[in-house]
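Would you mind keeping the following structure in view while I ask a few things?
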Amino acid sequence: MERLVFDIAHSLAGGLVLVSFMMLYQDRLSALINIFAVQAVLLALSVAWQAYMQQAPHLYITAAIALVFKAIVIPVALHRIIKQLGIHREIEPVVGIGSTMFIGIGLVALSMVVMMRVTGQAAPVAREDLAFALSVILLGMLMMVTRRNAVGQVIGFMSLENGLVLAATGAKGMPLVVEISVAFSVLIAFIVIGIFLFRIRERFDTVDLSALDRHRGGQ
Amino acid sequence: MTAVAMLMWVVAALLATAVLSVAFSRTAAVSHWVYSTCAVLCASALGLLLVHLLGSGASTSGLTLPLGLPWLGAHFRLDALATFFLIVVNLGGAASSVYALGYGRHESAPHRVLPFYAAFLAGMNLVVLADDAFAFLLCWEFMSLTSWALVMTQHREHENTRAAYIYLVMASFGTLTLLLAFGLLAGPDGHYGFAAMRSAVHTPAVSALVLVLVLLGAGSKAGLVPLHVWLPLAHPAAPSHVSALMSGVMTKVAVYGSVRIIFDLLGEPAWWWGMLVLFLGGISTVLGVIYALMQHDLKRLLAYHTVENIGIIYIGLGLALAFQTNAMSGAATLALTAALFHVFNHSLFKSLLFFGAGAVLTATGQRDMEQLGGLIHRMPYTSFAFLVGCVAISALPPLNGFVSEWLTFQAILQSTDLPQWGLKIMVPAVGGLLALSAALAAACFVKAFGVTFLGRPRSAAAMQAHEVDRYSLATMLGFSLLCLLAGILPGLVIDALAPVTMSLIGARMPVQSSIPWLSIIPITAGRSSYNGLLVFAFIAMSGALAAYVIHRFASRALRRAPAWDCGFPDADPATQYTAGSFAQPIRRVFGELAFRLREQLDLPAPGDIRPARFVATLGDRIWELMYLPVVGAVQFGAEQLNRVQFLTIRRYLNLVFLTLITLLLVLAIWP
Amino acid sequence: MGVWTFNPVLTVVLIPLLTAPVLALLPGYKLSARINVLAALATLLAASSLFFIERPLPGNYLLVDDLNIVFIVLNTFVAFTTSVFSASYIGHELETGKLAAPYLRFYHAMYQVLAFAMNLAFVANNLGLMWVGVEVATLTTVLMVGIYRTPAALEAAWKYFILGSVGIALALFGTILVYMAAQPVVGEGNNAMLWTVLMQNVATFDPALLNLAFVFLLLGYGTKMGLAPLHAWLPDAHAEGPTPISAVLSGLLLNVALYALLRYKLLLAASPGALAPGPLMMIMGLVSLVFAAFMLYRRRDIKRLFAYSSIEHMGIITFAFGIGGALANFAGLLHMVMHSLTKSAIFFAVGHIAQIKGTQKIADIRGLTQTHPVLGWGLVGGVLAIAGMPPMGIFMSEFLVVSSTIAHAPWLALPLVLGLLVAFGALLLRLTELAFGEPSGSTAAVKASVLPLYAHLALVLIAGLYLPPALVLWFQHVAAMLG
Amino acid sequence: MALIYALMVQAMQMVLVLALAPLLTGLVRKTKSRLLRRQGPPLLQPYRDLLRLSRKEVVLADNASWLFRVAPYLIFAATWVAASLVPTFAAGLMFNWAADLIAIIALLGSARFFLALSGMDIGTSFGGIGSSREVMIASLAEPAMLMIVFTVALIAGSTQLSTVSAFLAGADVGMRISLALALVALIMVALAENARIPVDNPTSHLELTMVHEAMVLEYSGRHLAMIEFGGSLKLLLYVSLIASVFVPWGIAGGVATPIEYAFGILTYLLKLTLFGLLLALFETVIAKMRVFRVSQFLGAALMLGLLGTLLLFVSRSL
């Protein structure tokens, strides 16, 4: 039983990494949003499983937030944004998809190596979870820096944040997890609203950040 | 109350004057009051120091104030070396203040001068008094800062702001190198007190590094080539009484810094130290005077000439180091005395000359010698004082400049016994350079005096010049008298320097004041001796005799007539030799050595009536080879890095990301 | 501790928190500006009372020790003086119509929220609470930077927001990692996030986890501190926001992040197996210093210029704390205090100057000492102080930084000194242009509140000459604490 | 008594140089003329010139300053003092210690300083040319001279001329390469300093080539007499200098009998005649150089002097 519990947690976390990879090679915006929704669902499952494992019912709230907010509200909002703003559907990556994948593999390897150095003092679940969480974080950042499109970057950031939540829930008994996940949700909402409503739409024709950059101040 | 405490009160009073001058900057008479106060304060400090010197033989007294580094306190100490340099500082300060009583009336923006002037005087006093690294550096930089503000007085002229900028950057460079030097001297435990540094033992490598850093730091303030570039820009930009202080006194404070560290704090010298110092001194003397010869701005000429004199001082210091390594304390004493004597002399005649230049500036509004001429008729007293200064600085007997150079030559002649080959080659070569610079200095001041004061006026301003006020004249004539006195009674000065050499080298020169006829005999009577008093008396007597005989027995008739000029009467004043043309033969001879000289002659074809044009441009090789590349490198770095200002957010994120990856990689491979 | 007894720590947090909604509701400029000043003053007084009243024992959420008192007092002081400056500055903005009344209400409320968040970060005993404090402060300033609603301001705010969010995330991950390291030793729950508990037990934590945590915390809080190459948001945010906010950003917010980093450095230093945090901080510090020094040269915007100077000084401070040891830590603390005071003073001057001249372009501002002597000389004093000229306090701290570098890592003294010199050259170059030369631009007299400016400069001047023994002892104690 | 005796000898030296200086000039002029198969002026002509000039009225340019009028006396006095400090017939004179060789050179420098200034006083182009060229020549001649002084002083261990000449008169000096170099250099410097061919032509009044004469162009009457007299004294000084250092034989010691002094005077006269003849011969067989070649000529002298000094520094250690 112990073994099975661990395996399920492990495979859910691993699934998150896998989905992160899937996001890396998406070149269509709507598909990207959908896959992000999948990641959010996986995250919700993972968090819920942790809640069950640690007998920490407050984590169910986090899971619920992840499910409702990230898997449903945000993807819907993003779909509307790309429709309303008429952003062309193709994502323009900065580096080729292949190289991005390659770098991604390197990042996962790096996070494994770094985590290997952690002594077994911590619970093995936590250790594995951390390695996966770190991978997700790094892949999220990679996504942010290899996408020109603001929506792509936001998804990268959210994926990064998923890694954080994974880590936070994996840390047994960590206080404030719920609060933090709420805070992050608000943050993401701000970003999305920033793109959608926060006057950027009024002043810039697209949310492609390179257009925004034209307004860099003087020196 | 100890002497040092009284001096600190004087300094405090100076600082208070600075603050009060801000408060009363709207009062009309503030200028007068500030300068009078400064003069009184400096004079009382001077009197105090002289009494101290004569009374107690420059005994040492210290004082610690609860300022500065909290666990260390601010240490101040008055010893023989400090006494000597404080005399130089306060003599110059008192004279400048008296001079400024007259000169300062013409200042258009006194509120930009007065507070900084008083603070500058206080700063120079404090540097010499400071007895720990922090207090020293603080006062040192404070001195730079206040003088920077003074250079900035006429800030509306771009040239001045540029000069001030270069000045303060170089000063800051000097302070930072000195900071490194002190850091090394203080050792890992941070003993910043000079007493602790003195007793500490340093490895040869550390000592060598400190020496180099000190030469960079103090040398940049003193104006050693190649760190001199700021000096000829900044000194002339300030008001003339400040120029006098900067050239005549502040550079001496820099010399004080090097003497204090190299001779007092650093311990046993290595033989090549002397060589390094000699080399820098030697090139400074020659390059300084050659650059000076090429100037036609009177104040800039004087400023460049400071570089030469600083070179002479450092030659003396280098010789002293070389002798000291080889345990030739007699010769080392002679060389150090020569250097310190020159410090004193230069503070006298350089201040005097800047006062003179200031008087010319007041009278004509011109610093450009090409616009001057014939001032000897309109400003007789000024021109007399200036002439005395010129003779003194050209190292001609019987005035004081000659004595210190003579002593330096005597020291050079002691150096055949030096065992090191490097020094054997270096010392005579430096001797040659010194001889060359002495001759060129005379040429330089023939030009300076001849073009400015002699001949016919080259502009309306020069034609309408008038003699300056009494304060200025009194200061100039007083300093002329001092130049003469120090020249004809050098033995007194040498004896007064004995405590300094005793404390630094542990030996002193033979007592001079007991020698009959007041001669000076540096080593033995058989080797060399000089008697300025007699030479002066002889010249005066024989000149008077000749004049008397001729006037009495031959003729005294005199008729005024137009100048003959080989039969070309009534030529335009423009046909006179100018400053540029006067220097042309020397420019031809030494031009390629020191400058990138480009002479362009545009000669119209026959029948063409446009005027011929001759343009000589001088490029400063040191500026081009050493400073422009640095400027270029900074600009290049700024230009390249500046791209980072214009990245997209994604690229900035990329930077964060890469930093993260790098750090993680470091963690991964960390043992 | 009774409920009604006066608790200065709580007061420091509560005053701004309670004032914020009041200010948000109050219309009218004059009244709210005054309340703002009063609230800031009250907070300052409460903070100062920490000196006299016996400190409360560290609780589950709040903590007062020697280290954070330095920060709290400094913070509340500068927040107070800035609020005084802000009153006259914002008044002028209102007159010129740059700011509309609703935004003003928002501005004052946000000012207090910011003060609350910063104070919270300082007094938090809980890692998570501190994180929350830092992040709330960040988000508040994001909103304030964008308050002018110009394209440049929005872009600056957006950039700040995105980079800040990533920083938030990284710092959080680091915090989680620290918790993970602590949890097996001190057990689950709140205990594993309390500074007081962590510090006692850190020796038995897993060093590898701590190392990893520190990397993320360094980057996360380093972003907030503006360490290069994580600095990108900083210059724009300083340049485009209202000047009081620039002063707060440079003078205070950077310190908040620094404080967080120092706490973690303490933690790591106490763990024998963990990698020494010093070298990392030294490298980051040096890179920031040299980078910012070069960046200073091409600046055309006066506020951006001083923003880069803040990066430079945060670099120096980080470097100093990286060296460690009693002397360097003392120097770092002193430098931090001096920098906060001086830089905010500079921004006070710059704010008025930019208002008078109607521009922030350096090229359009000339000869200030001629046209506006009081402001001009104030600027000269401030810039010379920040450039490390004596007898100002930064000279002393730089002296100590350089000399302790020579004592511990002599070769690093070279790039350090080089960076200082290059930066000095740039600052002086711009200062020469701004304050001297033929005046240009408006010469109209202005109603400027120069009191804060000169008060700061006077403090910096006094500190450069004389540090009271009590202060020294206290700083030395803190320095020893920092290891 | 001894004091009075010493004073008398010193006074005799001062009078002697004054008396002999024009004679030496006359001798050189006469010999040169004879060598050119001209009759030439009588030997005593310089005396008559001086006398006549000093009786004439001074025609002073309108804008001449006090400096212009004082300078001739100063120049004369400085040169005279310098000349009377060089041992002629006797060494160790009463006031010889007042100035050593370096000081003597510097005294001549003072004289030249004022001469160059007076050249610029009237504000004519010729005066400027003269002064400018003079200081250029001096800027090389003076260091060369100092290097020679170094060489001599290092060999003799003193810069005191009396000591030097006594030392070199001793038997144990022998031939030294440094001394030879110094002698050559000294002759070159002496030619330049006295405005002789090939550096300058004392008889030339061609505008573009003159140096010394251009400076004194505006002088007349007694002022010119003083300057001419000073020039003669300077020539005598250099000849005495060469004589006392390189052929120091026959010079009387510090305290000597009148007989020894008489012998000293006799040998001194012989040396003067010899050098005067040699100078005239040299000037006759050589051509004047262009002004800008002078720097090379004097540069060579400077190099020779430096070489002599360096050799000494180096050989001491062997």
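As written, the chains take the letters A, B, C and D, and residue 1 is the first residue of each chain.
The definition used in the following text is that contacts are C-beta pairs under 8 Å (C-beta built on N, C-alpha and C of every residue); 3 or more make two chains touch, one makes a residue touch a chain.
A quick note: this is a predicted structure, and the numbers were derived from the prediction, not measured.
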* Could you tell me which chains make contact with chain A and chain C both? => B
* To do: Could you find the two chains linked by the most C-beta contact pairs?
  => B-D
* chain B-chain D separation of Cα centroids, rounded to whole Å -> 35
* From the C-alpha centre of chain A to that of chain D, how far is it in Å? -> 99
* Asked: What whole-Å value do you get for the distance between chain C and chain D if each is reduced to the mean of its CA atoms?
  -> 78
* Using mean CA coordinates as chain centres, what's the chain A-chain B distance in Å? -> 69
* Structure fact -> Residue numbers in chain C touching two or more further chains are 158, 162, 166, 211-212, 298
* To do: At least two other chains touched by the same residue of chain B: list those residues.
  => 642, 645, 649, 653, 656, 660, 664, 667
* Which chain pairs here would you call touching? -> A-B, A-C, B-C, B-D
* List of chain B residues in touch with chain D within their complex -> 373-374, 376-377, 380, 387, 391, 394-397, 402, 406, 409-410, 412-413, 415-417, 419, 421, 424-425, 427-429, 431-432, 435-436, 438-440, 442-443, 445-447, 449-451, 454-456, 517, 519, 525-531, 534-535, 538-544, 546-547, 550, 554-555, 557-566, 568, 571, 573, 575-577, 581-586, 588-589
* Report the residues of chain A in contact with chain C in the complex, numbered from low to high. => 114-115, 117-119, 121-123, 126, 130, 133-134, 137, 141, 144, 153, 157, 160-161, 163-164, 167-168, 171-176, 179-180, 183-184, 187, 190-191, 194, 199-200, 203, 212-213, 215-219
* To do: Over in the complex, which chain D residues touch chain B? Could you list them?
  => 51, 54-63, 65-67, 73-74, 76-78, 80-81, 95, 97-100, 102-103, 106-107, 109-110, 112-113, 116-117, 119-129, 131-133, 135-136, 138-143, 146-147, 150, 153-154, 157-160, 163, 207, 217-218, 221-222, 225-226, 291-292, 295, 302, 305-306, 309-310, 312-314, 316-317
* Asked: Which of the residues in chain B come into contact with chain A in the complex?
  -> 642, 645-646, 648-651, 653-654, 656-657, 660-661, 664-665, 667-668
* Structure fact -> Within the complex, chain C is touched by chain B residues 66-71, 112, 133-134, 137-139, 141-142, 145, 152, 155-156, 158, 161, 164-165, 168-169, 172-173, 176-177, 179-180, 182-184, 186-190, 192, 634-635, 637-639, 641-642, 644-645, 647, 649, 652-653, 655-656, 658-660, 663-664, 667, 670
